[in-house]
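In the two complexes that follow, chain A is the common piece, with chain B as its partner first and chain C second.
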Partner chain A sequence: MKGAWWRIGWRNLGRNRRRTLITVIGLALGYSAVVVMTGLSRGLVAEMIDNGTGMLTGQLQVFAEDYLPDRGIYDTLGGREGIDVEALVAEVAGDPRVAAASPRVYAGGLVSTGAATAAGVVLGVDPEREIRVSRLLTYIDEGRAPTPGQYEILIGREMANQLDASPGDEVIVVAPGADGSLGNDLFIVSGIFSTSVTELDLGYAVAPIEVVQELVALPPERIHEIAARVDDPWAADAAAAGVRALIGTDGPTADVRPWTEFRPEMVEYANLATSMEWMLIVFVFGMAIWGVANTMLMSSFERRREFAVLLALGGGPALIVRSVLAEALVLGAVALLFGVAVTVPVLAWWHAAPPDMSWVYGGFTMAGGLMRPILRVEWPTSMIFITGGAMFGTALLAALYPAWRSSRVPPADTLAGR
Partner chain B sequence: MSARGRIRLRLALRNLRRHKRRSLLSGSAMVLAMALLVFSRTIAEGGHEEWIDSGVRMGDGHVSVQAPEFRTRRTLDYRLSPEARAAVRDALGSEILTERLVATAPRLMIQGLASSSAAALPALIVGIDPEAERVFSALDEKLEEGRWLEPDDRLRAYVGARLASRLKLKEGSRFVLTAQDAAGDITGQMVRVAGTFRSGIPEMDEGYIQIPITTAQEWLGVPGAATSEALLLRNSRDVGPVRRDLEASLADWEGDASVLEWRESMPELDAAVRMDDWADYVFHIMLFVIAATAIVNTILMSVMYRTREFGVLRALGLERGEVGRVVFIEGMILTAISGLFGMALGAAIVWGFFRNGLDFSAIWDMEMEAAGVVIDPVIVPRFHWNQILQSLAFILVIGSLASVYPAWRATRIDVAEAMKFEE
Partner chain C sequence: MSRIAIARALLLGAVLAIPPVASAQTTDCAGLSNPADIVDCVDRIMRGESSQGISTMEVVTENWSRAMEMQMWSLGTEHALVRILSPRKDAGTATLKAGTEIWNYLPRVDRTIKIPASLMSASWMGSHFTNDDLVKESRLIEDYEITLAYEGDRDGVAVWEFDLIPRPEAPVVWGRIGYQVRKTDTMPVWARYYDEDGELVRTMTFFDYRNLGGRLVPATMRVVPEDKPGEFTEVRYSELEFDVDLDEEFFSLRRLRDAR
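Right after this comes the complex of A and B.
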């Protein structure tokens, strides 16, 4: 008997194909709209997190316990004695979720060509390891990365403009050292990077770690930070716990922080985007419900004689309610099939080839992460199902009133054509 | 109106009245769509204006005057001389400007190093006129400790809170600013912390310092000069006329002073606003399409099951086209009335409940930064005549969409078939 309801529902939809088609298109459009919009919104969040963490900070950082929030030049890992850098880097990279780890030293200073001076952060890195952790060294658009051990410096595009410097030029870097002295050294500009994040392009310079350590009078065993890359940003919390366990308590007191802790605003934005997804569902299906309600009302109006016959034969109101609801469910199912058939290929294509939007807007930063001018789409896997459920809910909800009305058809009057 | 025209109108009105439930159902979809549209447009508009406003207040104003190359080079070589600044002051007196100008503020900006015994950190050091800045900038409201700069301050600085903490500075602490002066020498200037601020924008809190402009001029050896004159306007829509007027008045100073609007001086904010605009368009188009299908659907249904009624009209002597016109008039009247009602409802809801702002702080309680601007979680909706035009256009398009096709369907009815059909 169960199957019969679906058949009746299906047949009723076939009775007025045009009407069914319009309603199905309306619902499917709503489905596509929600899924594509959430895909876009997740693409936006992924773009922000990828660039916000991947460009410079990495997804995981290890530093001395008292390094934050002030990031003092003295607050190196392991205090004044320092640490065995290689051993600690190996330990951080030991967690299976960590793809690569790299040691860093930070110094604040002035970069000057003599004619012009810029202020910035001089980041000391091991170029070979750094490139596997952050993408900063991949943005070089002129020259090359500094060579380990050499007094070479890589500067941002905006800083280069300000200094009017190009690769091969000499610059003086002045930075206060950890021993209270004022370190200064001559560097050769090895290259220029351009990330489109003004803050980085204007205020950052990169030099080999051992050279920066010498500049600010830090011995080789004293570093400020180990940055690590975790390929799935959402696994960073678990990776941080793993690294904490690996370092253990016997070694130097170190703080392991995932990006979710040092960039909380990005987590906040991701949460905001999720709540927006729900608002979108309510908005879109709130509109779509009218179309379905109307269709069901019309169709049940046309079937009132049939209902009257059923009632006259002794079928209770529940029978009729069930029949109308079955029709709505079949309508929902058809619309879902239709919606999925349209949406999935569109998403797949969009995901594979995100359109370039640079003719409308340029890049900008959000919560510290660069948003490139492309419309990136991520698969909103959960939303594909949740939206489908919401659509069935809409169809059912919209059918409730028509179903109730149908069950109240006065049999005698209706059959008499009054 | 011809006699037949009157009859058609009466028929249409009567049809709407006779089927109250159907009319209400079709109309309510329209009311809901319009109310939603008005609501979402005013919120979007308000959010934007606020975003631009706080962006330009923190930055260089809606419009700013600077030396042509300052934007890329950012050094003192490209500054506004006292004479150029005087010319800008003169230009501000024009009628177009006085009407639209809220405030103007000179700035002398330089990249330098702030150092204390604890550390030395790069910072953007901005010389400001406290009097002018009080109206202009929102930074004085972000005070965390101490006080903001006062007009007779000399060696005082207003420092980002994170920067102050990294330099281990308290209210009253001394520290040294170092930068390259106009002569090319690296010079230091000792100042005391007047107060600290927390803006919510990481770059500012970590590297932004305000000092009195006179102190900056003396320290850097550029008496009377500034790197930019920033203009704050009543509305971001005034940027175009103000810019043209300023450019005309400053024509003699070409090469020394150029006029920039916020879209140029803050390309990031421009990009963010554009992208937000774009997302709004996409969202509204989708809303439109979904609302349109729902409404077209309801009206079409009401035509399709009135076959018999149209058959009778035809039998009574109405021509094919006339039946169509009756349906068209019906559709237009229904969408127009319900559309206008929806607009009024949307406006009433916005004005009645959210006139003081829609508070989003329940879903985001942290300070959100985008394109160098902190987004306020309270959005005050804004009305603009543009929105009314857009809404009217929306009603017209939906109305004709929802009326033309059903009307055409109504003309295709075969009289004999329709009359024969016995339900």
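Right after this comes the complex of A and C.
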């Protein structure tokens, strides 16, 4: 007999199809709006984190305990003795959440063509490993990455403009060495990268790690950092704990930091975006609830004679309440089906082919991460279900008052037309 | 970057061989009584018209220490040339100051580079001096209000101690400079540099007073930064000549590459 309530609810919806359809469309649009807006918001956060961490820093960094905030050239992993670089890189990459790890050396210095000189950071990397960790080497728009072992350097577009340098040109790189000497050497510009992040394009240059070590008088076993990529950025905290355990207490004293620690502003923004999702649900369904309540009140008012008959036959008020609530739940189910049928394909299409908005706005940086001019959407999986639940809740809540009123219909007066 | 920036004549005197000298003008200075006049007099006599010399700069930092032998030429306050003679790794590296510009010559790559404005507060040759220390040049009396803070004996030596407070519009980074001068021969003893909060940032001490190039000079000067315990830069003169035959053409980029 359980199924009978749903059938009654379903049939009642058919009494005034136009009104039902309008209510269903209203609820379904509310559902779509919440889910799509949440997807967009998550797309924005994902874009910010992807670019904020993926462009240069990686999602995880390992460095000497006293390396930050000064980034002193002497503060290498393992102190003056250095470390077994390959072993430590392997340990960092040993955590299953870490997709790749790459050693780095940082040198602050000058890149000069003679008459024009730019100050910046010369980042020493192993290009083959680095490209699996950060995307900096994928932003080359002229020339190529430096060849390992060669005195070649990749410079940012703005630095290239400042120096009036092109691939193939010779530049002088000067950097204070770890032994107090003034390291200087000639490099050939192998290429120019353009990330649209001014700080990088103006202030960074990339050269092979062994060449930078030689420039600043650091032996091969002394590096400043191991950067790692964690594909799911939200797993970086767990990955950091895993890497700490892998390095262990017998390894070098190292600080293992996930991006959530060295880019806390992005975590703050993500938290803000999440709280906005809940506010969105409250706003949208807070408005929808009045529309549904109105519909239910109208339909129950039209059926007051029917309810009077039921009551006169000894059906009891609970029966009436159950009948109206069942109708509301069926209404919610139909609206959900309708909403999902519309929203999911739209999200799938949007996720696969985010529209290019460069005709409206250019790329910009937010919380230090580059935002491409695209409307990126991420699947808000949890919100697809939560919003569905919220919609049922709305339908049910909206039906409570009409159900209560219907159960209080005076049978004799109603049937007598009084 | 270091907060160290402008020590004006004192620093130039130390690094670029315009050493603090006591010449015939000493008597004039000794006869003065107004604090501003005395400091200005010491300030001016510490600049030679031209000079040339050899000194050793010892730099001790937490991570390394090294000594460099340097040969230097100067003309007035606008022109200076410094060439490193040793150690071998840096030998030939040279710095040219011409007006407000600084150029470096790097023998290893045989290239000359201009130091950009953004690097003016960076360390010069790894020392506790900055590029800015070499370039900025003005007289103390122009930038500071000078008052006499103490006059009397310190450790049995008769001295003046002056307080130098920057004028409101003066382009300087210090909040105050304390400056001690011996009364007998107007030789500087120390200069203490304070930031705007009144914290001591660095101390410069002068000692080893002796005759070089026919004049009494403090042949050694040491700079100690307060925030880096145990670190210092010390410049010791071994040879000095004054009023040598130099003109502005001497301080050229060509000479920078090939100083003799």
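Of note:
In this section, the second predicted complex is superposed on the first by the 418 of 418 C-alpha atoms of A that agree within 3 Å, B and C clash if a C-alpha of one lies under 4 Å from a C-alpha of the other, contacts with A are read in each partner's own complex, and residues count from 1 in each chain.
One rule holds for everything that comes next: a residue touches a chain if its C-beta (ideal position, glycine included) is under 8 Å from a C-beta of that chain, and two chains touch if they have at least 3 such contacts.
Fair warning: this is a prediction, and the values are worked out from it, not measured in the lab.
Superimposing the complexes on chain A yields a three-chain arrangement in which chain B and chain C clash. Contacts of A:A119 after superposition on the shared chain: both chain B and chain C are touched. Of the two partner chains placed around the shared chain by superposition, chain C is the only one that A:L186 touches, whereas chain B remains out of contact. In the superposed model, A:L110 lies in contact with both chain B and chain C. Once the two complexes are laid over each other on the shared chain, residue contacts for A:P176 go to chain B and to chain C alike. Considering which of chain B and chain C touches more of chain A, the answer is B. Once the two complexes are laid over each other on the shared chain, residue contacts for A:Q150 go to neither chain B nor chain C.
Of the two partner chains, chain B is the only one that A:I25 touches; chain C does not reach it.
Applying the stated contact rule after C-alpha superposition, one finds that A:R305 touches chain B and leaves chain C untouched. Residues 110, 112, 114-119, 174, 176 of chain A lie at the contact with chain B in one complex and at the contact with chain C in the other.
Taken together, the chain A residues at the contact with chain B in this complex read 16, 19, 22-23, 25-26, 29-30, 33, 37, 40, 69-73, 108-110, 112, 114-121, 158, 161-162, 164, 174-176, 198-199, 202-203, 264-265, 268-269, 271-272, 275, 283-284, 286-288, 290-291, 293-295, 297-298, 301-302, 305, 357, 360-368, 371, 373, 417. Listed in rising order, the residues of chain C touching chain A in the complex are 59, 61-66, 89-90, 93, 104, 106, 108-109, 111-116, 118-119, 122-123, 125-126. For chain A in complex with chain C, the touching residues are 74, 110, 112, 114-119, 172, 174, 176, 178-182, 184-186.
Only residues 25-26, 28-29, 32-33, 36, 72-75, 77, 111-113, 115, 118-123, 162, 165-166, 168, 178-180, 184, 186, 202-203, 207, 267-272, 274-275, 278-279, 282-283, 286-287, 289-291, 293-294, 296-298, 300-301, 304-305, 363-372, 423 of chain B touch chain A when the two sit together in their complex.
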